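Each remark here refers to the structure printed beneath this line.
In this document, chain identifiers A, B, C, D, E and F correspond to the written order of the chains, with residue numbering beginning at 1 in each.
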Amino acid sequence: MSTLIIIDQPPYGSWEGREALDMAFSLAAFDQPVSLLFCGAGVNWLRKGQDATTIQQKSVERNLAAAPVFGVEALLADNKACDHYGLTEEDLLDPVSITDFGPELTSRFDHVAFAG
Amino acid sequence: MTRFKTLHILNKPPEHARYRLCLSAIGPQDGLLLTENGVLAITQPLAINKERCFALAPDLEARGLLSHVSSDQIASFDDMVDLTALAENVISW
Amino acid sequence: MSNSLPEQTKTPAPAGVFTLVITGAPYSSQAPQTALHFARAALAANKRIDRVFLYGDGVHLASSLSTPPSDELNLSEAWAGFMAENNIPGVACIASALRRGLVNESEMQRHELSAFNLRAPFEIAGLGEWVDSAASESRVLYFHRGS
Amino acid sequence: MSTLIIIDQPPYGSWEGREALDMAFSLAAFDQPVSLLFCGAGVNWLRKGQDATTIQQKSVERNLAAAPVFGVEALLADNKACDHYGLTEEDLLDPVSITDFGPELTSRFDHVAFAG
Amino acid sequence: MSNSLPEQTKTPAPAGVFTLVITGAPYSSQAPQTALHFARAALAANKRIDRVFLYGDGVHLASSLSTPPSDELNLSEAWAGFMAENNIPGVACIASALRRGLVNESEMQRHELSAFNLRAPFEIAGLGEWVDSAASESRVLYFHRGS
Amino acid sequence: MTRFKTLHILNKPPEHARYRLCLSAIGPQDGLLLTENGVLAITQPLAINKERCFALAPDLEARGLLSHVSSDQIASFDDMVDLTALAENVISW
């Protein structure tokens, strides 16, 4: 049973991405294989240099950096979406791999889910 | 009853970002079930074989679209249960 | 419906057990309504529903205070009745619920709140309940908002 | 003070459109000039022959038919959106006028609002 | 910021009074947070806020039971405090509120509910309050969800 | 401070249907203020004069985009108050 959790919403504007992260961390905590995929506007989660102090939220960078430690197998980012937002490999947080969204990717998992 | 590799359940209108995301994830052995706002897709050109694309009857009826679809493509909730039970995987978009 | 595609080479047994995850709120999205219609059809087809899990905005379905106009379906009531009749456990994710002001009696006491508003038979529990379903043979279906 | 309420969400899938209608009817009830504009997927509110009995909702057709009676000045539908959904004048509920969405339209009103 | 465009020929006096309409829920959208930052800046600039009106999913901001984790801002509490300090009335639309399970003491009694969960100083009233603002000289600003 | 005919406040990302709707409603004397998810628009080509397009500083900062915008285009909440007070009309998308 391997799970792919998809985040397609940008950070800070809604809680959906945070709740997706909680899903992934919970699976990992129970030793279930899980990966995270960022696509669409969701790739903006992965930009370096975020600081959400002024909007009184917690920056998501630290959460994401902790993902491999907590046992999340991979952080994946859709190639086209990164291009669309001008994100090159250098702009992205460290543990992220660029990939291509499509049926080949999703069919590698038994269970594919969004948080909302 | 048809057994798909992945059944994609789409409840978003064509303007929605996830509508496009869903369409780009449909593989050659996959099926598409349109529900809720998703049934509006049947007014649009869709790059998926009609034999693999269904729309939920009550949602079509609510939106005045029942006559827009051939009866082969119309699914009841009973059909939805069968489709989801038989598919290898299901993705709700 | 047609019956046209060839069967796949790999043909596992059809799912007999479903877990329904509802993330769309009633009176905001159609998700709880669609999920209830699906749930009724599933039981009619001799499938089992092992658990209904409310996540994100979906936790509002468990409110005991939701009071739609009398000519509209009370979705919380309809869901609670369906679950009680069919012995289906309903769980609202605790983290989603507390943020959104959905609490049971013990959370009320723990956080020194003035009231509780969780409708029986819904309970409050962690994401572990969802992991339990995801890790089992159960087919997990999600009902998200549609806009 | 004239108001334009815009509905860009399809009916039945969310409550936003119903709550937009309530806004328009309230303004009209207090004798404030108000019009409704349907654009994007919102034009699907205007299709004849809706029957929401099976999904246990109230059909929106009757509400819309009542709009002129309640004092809503105009029901407007965006031309391009109607085209996109294959809606011709014949397919639309009676009191609707087809118009072009854009700055010329919105600038005719003092107050332009969405319900959500 | 630049100061580059020519002034329009028609130049009414700048708005001195604002009405804020919040339709996005806390812990689901950023709307209540942005509206609060705006409201603070408006008062600092000697503007007046005649009313905060909660509509649609925005009514959840008036919940007295919302309990985010201790390291997250409690938006209901922050808004209630801001309104009390500055004598700004806050109104949740009654139709939106009842559907979504947000009730005050008198609605609890009228509908024979088990509890109430409206946080003071928020009140419950009809869309007439919004019409009142829209028909006045007040500038009505909307804070919707962003996704 | 700039006085616009209509100030458009946009808090949706470029994938959102209402983002496109907003852009199609901007007249020649109008201004655009990007807030929340709307600030992601500054990563995209926009058919609006830079002197009429602003983005909220705290939202840019949160999303790591402060350095992507020239200082003329960066607005504080104080600027937002001025822009909304001075405009003839405001539309929140």
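Here is the rule we go by: a contact is a pair of C-beta atoms (placed from the backbone, for glycine too) under 8 Å apart; a residue touches a chain by one contact, two chains touch by 3 or more.
On a predicted model such as this, the values are computed, not experimentally measured, just so you know.
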Margin query: Count the C-beta contact pairs for D-F and for A-F, then tell me which is higher.
Written below: A-F
Note to self: Among the chains here, which has the CA centroid at the largest distance from chain D's centroid?
What the structure shows: A
Next item on the list: Count the residue numbers both chain C and chain E use at their shared interface, divide by all numbers used there, and answer same if that is over half, different if under half.
Entry: same
Next item on the list: Using mean C-alpha positions as chain centres, tell me how far chain D is from chain E in Å, no decimals.
Entry: 25
Next item on the list: Averaged over CA atoms, how far is the centre of chain B from the centre of chain C? Could you give it in whole Å?
Entry: 22
Notebook entry, point to check: Can you give the whole-Å distance between the Cα centres of chain C and chain E?
Noted result: 30
Check: Among the residues of chain E, which ones contact at least 2 other chains?
Finding: 27-28, 30, 34, 37, 56-57, 72, 95, 99, 142, 144-147
Notebook entry, point to check: At which residue positions does chain B touch at least two other chains?
Noted result: 5, 11, 13, 15-17, 36-37, 58, 92-93
Notebook entry, point to check: Of all the residues in chain A, which ones touch at least 2 other chains?
Noted result: 9-10, 12-16, 40-41, 55, 57, 111, 113-114
Check: Which chains are in touch, pair by pair?
Finding: A-B, A-C, A-E, A-F, B-C, B-D, B-F, C-D, C-E, D-E, D-F, E-F
Checklist line | Residues of chain F that touch chain A when the two form their complex | finding: 11, 13-15, 36-37, 40, 43, 57-59, 61-65, 67
Next item on the list: Spell out the part of chain B that touches chain A in their complex, as residue ranges.
Entry: 5-6, 17-18, 21, 24-28, 30, 89, 91-93
Check: What residues of chain E sit close enough to touch chain F in their complex?
Finding: 1-5, 7-8, 10-12, 14-16, 18, 30-31, 34, 37-38, 40-42, 44-45, 47, 139, 141-144, 146-147
Next item on the list: Mind listing the chain D positions that touch chain F in their complex?
Entry: 8, 39-41, 101-104, 106-107, 109-114
Margin query: For the complex, give me every residue of chain B touching chain F.
Written below: 15-17
